[in-house]
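I have a structure here, written as structure tokens, and I will follow up with some questions on it.
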Amino acid sequence: GEPLLLIAGPCVIQTEALTLSIAESLAAMSQRLSVPVVFKASFDKANRTSSGAYRGPGQDEGLRILEKVRDATGLPVTTDVHESHQAAAVGQACDVLQVPAFLARQTDLLIACAATGRPVNVKKGQFMAPGDMKHVVGKLVEGGCRDVLLCERGTFFGYGRLVNDFRAIPEMQALGVPVVYDATHSVQEPGGLGGATGGRREMVEPLARAAVAVGVNAVFLETHPNPDDSPSDGPNMVPLDKLPALVERLLAIRQAAGV
Amino acid sequence: GEPLLLIAGPCVIQTEALTLSIAESLAAMSQRLSVPVVFKASFDKANRTSSGAYRGPGQDEGLRILEKVRDATGLPVTTDVHESHQAAAVGQACDVLQVPAFLARQTDLLIACAATGRPVNVKKGQFMAPGDMKHVVGKLVEGGCRDVLLCERGTFFGYGRLVNDFRAIPEMQALGVPVVYDATHSVQEPGGLGGATGGRREMVEPLARAAVAVGVNAVFLETHPNPDDSPSDGPNMVPLDKLPALVERLLAIRQAAGV
Amino acid sequence: GEPLLLIAGPCVIQTEALTLSIAESLAAMSQRLSVPVVFKASFDKANRTSSGAYRGPGQDEGLRILEKVRDATGLPVTTDVHESHQAAAVGQACDVLQVPAFLARQTDLLIACAATGRPVNVKKGQFMAPGDMKHVVGKLVEGGCRDVLLCERGTFFGYGRLVNDFRAIPEMQALGVPVVYDATHSVQEPGGLGGATGGRREMVEPLARAAVAVGVNAVFLETHPNPDDSPSDGPNMVPLDKLPALVERLLAIRQAAGV
Amino acid sequence: GEPLLLIAGPCVIQTEALTLSIAESLAAMSQRLSVPVVFKASFDKANRTSSGAYRGPGQDEGLRILEKVRDATGLPVTTDVHESHQAAAVGQACDVLQVPAFLARQTDLLIACAATGRPVNVKKGQFMAPGDMKHVVGKLVEGGCRDVLLCERGTFFGYGRLVNDFRAIPEMQALGVPVVYDATHSVQEPGGLGGATGGRREMVEPLARAAVAVGVNAVFLETHPNPDDSPSDGPNMVPLDKLPALVERLLAIRQAAGV
């Protein structure tokens, strides 16, 4: 079958040097384990819980750094877009566009992403059934997108908690598209830390193993050399030096699952 | 105490004539029942389930019609904004801005709405706890908004279903802002009709009665002379000729509840 | 229309003297407000969170005290049954039998309750849709019960939290039976206090007001002269001296709602 | 590590001949794959949705057949108990007692099961958090049980639907007990077929794979030579001739997961 795809990176771009350093580690791992990697980092976290939180370097500087990552490492790069007017510039700089879960139903944003000609990875809204994503696929395809990916990142399960319904993986694959499992945001606890979003890092690996055993096509994992220093999503990130062992485990499970 | 506020209108603007006719009925009811009414209609339904669905007349034509409604009837008007760049123009034409539930956490959109100087009514995300709305209030206040309203319109309760947790009314009022109950969208059944959103009109009145008995400050209701002809939300709209009796009932309950 | 019925009492029987004293207060209120009251107290809390918690005086002593309450006050009495073998004795001593929510689908228990010839009040399971209760009604009617009541007491809404879907009231009434609203257990927070169940007393009144505005037939409220001394459900009980004002409010709302 | 345990059988006992025939197939598979198997079948389905549904042969006849299964095949046997008075007899006939999810909090039933001296497998209530099961373990241990097992079989996720929160597996294992994954009842759709419970057989294997990848200790699967002929749970059973391939897959995943 197809190899497992890994989408990984540090959530938000902090400095150019740190971003490049993480990307180089990921590129080395990609080579050593023969696993394709797409590098992901955000230039602007537009929906942080609180207005005082760090948002990132902004669009121009962020896209410049992502292009530098691609040039330096050879890894394809992806980032998320939040308003329609951002799509064209992101499509020029990045190999894949990502649409956040809260925005999965914003028609104009989907159409603008489709118009770039790039693959578009849409996270299933926390408020949507897997089958509802067929309308998202429909809007993208009508807009000219030829490579749609859908992403499971958790569904609302009572205030401050998400759950992965792993039936979503085969159900969204049945729409004819590859499915990504976002192991980092699935273990978020929205609002769980008062003015920030909490999380449970120790659940990332068991749930990623589950997603791979079910047959997911790609896994998205945020990683950082020192997660507790990350300005966003630190509580649910995998430390960079623990990532290769985790990925090797996932590759073994994929083979055993016969996917 | 304060009088109950009613926000009402036909969901989406179809024609100028129909929009004016509905507004005139609402203005007459406002006078007769001494209930303040804000007229609401959308110029663009940007997150319809399917891409083929009717979206509205667009921003320029829509805002022109809303201004005409205000001139003709004296009712204040409101509409919803979906991207930051729309806020300024909507703020010029309308008395109140409304932020959709899916977008309740988009910082840039909230800031742009606050910058208009108008009151801003934000619907609680279907994926949010009532208490999480304190960050929404915080972002608006920091952005200069002096009149924040929050709106309960249902919380995700399993695929294709919403539930009103009526504890949300006192919990959001405890943030120091008035709370609106959206009786129309609370009875939506997202994705319930395949490529459209279903709903249960017969539940609008019981749930609106409940919200008023709990002590909500305002009720939002979509209405149409012939709901089955509405291009959006027809299944959960109140027929225009049934609205006055419903409002009278709500006023009586508010008085009995001693709110 | 029919008067609102009140089911009230102290959750679990502590002493005979305290039980009688509460019942006398309720009987006086029943007379003064012309509201029919059924007295409820448990003789055995068979599903406490922890095994060390107080369970009650047991069946024989508990039923003796309930009969004394009826003799002394003239109020009809009700209590809950947990296993089939208890039904006959409870049916001899009590006017109404109550089936706990966790046990709503236990066929033998329902049949044994029906066989007593008494009215049976079944709480909707926290894991059931309102419409699923039609099978509960069916089992009771086949078993010979001629007075079925159903009770809304909250539905699972994420770990440690319940929500009232108030659509359940008309939906269960549509099965042809009166519906009770349990305002005390609806505000439970199961497991919320570690080894006990927490709750939010301040939400009892707003939610009871909502249920009455929707049109419920009866309200169930636990009450105690000093809730913080109650061995069970203290956090969600109404203080006995606050109950009459609350009931008067509910009666006014019922009249305004035109139910 | 420990081998994966399989608990399997035909849901409810139909005839002695059919029960024995299924057990012999399972015993042969147990030998061939070196996987320990416990045979499970119910003698009385006491909480069927409708009262007209087939419930089983009853306690005496059912236990006689289960003992015969053990004698004929050498497999240990298990069945479920619904009221305290059944525990002693079941404990005499069976190697393991099973407590249904609806009854997970019934203290008397747990104590009666513990008193048999047999291992007790309690299904987590659909209305309980994984951590709440610590009180269940506590009640059993206080009652003298030395082998507690806990079982994940789905949590309420909106009317008529369950979801597996796979974090429950490590969370319940952290209570110091082995955890079973019930792949059959997790895919139930309660009330989904009107007067019966529906299900989705095609989801049994992906979800069982996920549970094993996460590190569950045992898998419970209902099986039948012709599931569509089963009087209960047919829609979510695995055909008996498909079971060995599924189990081999699970064993491979367990090894790859390094559990």
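What to note about this one:
In this document, chain identifiers A, B, C and D correspond to the written order of the chains, with residue numbering beginning at 1 in each.
Methods note: a residue touches a chain if its C-beta (ideal position, glycine included) is under 8 Å from a C-beta of that chain, and two chains touch if they have at least 3 such contacts.
Keep in mind that what you see is a predicted model, and the values were worked out from it rather than measured.
Using the contact threshold fixed earlier, the set of chains in contact with both chain B and chain D is A, C. Listing every chain that touches chain A and chain B alike gives C, D. Summarising the inter-chain layout, the chain whose CA centre lies farthest from the centre of chain B is D. Distance between chain centres (mean CA atoms), chain C to chain D: 33 Å.
The centroid of the Cα atoms in chain A and the matching centroid in chain C are 48 Å apart.
Inter-chain centre distance (chain B to chain C, centres taken as mean C-alpha positions): 37 Å. Annotation for chain C: residues touching 2 or more other chains are 155, 157, 159-160.
Those residues of chain C that touch chain A in the shared complex are 157-161.
On chain B, the positions that touch chain A within their shared complex are 46-51, 55, 82-85, 102-103, 105-108, 111, 125-132, 135, 138-139, 142, 155-156, 159-160, 190-191, 195. Taken together, the chain C residues at the contact with chain B in this complex read 155, 157, 163-167, 169-170, 200, 202-203, 206-207, 209-215, 249, 252-253, 255-258.
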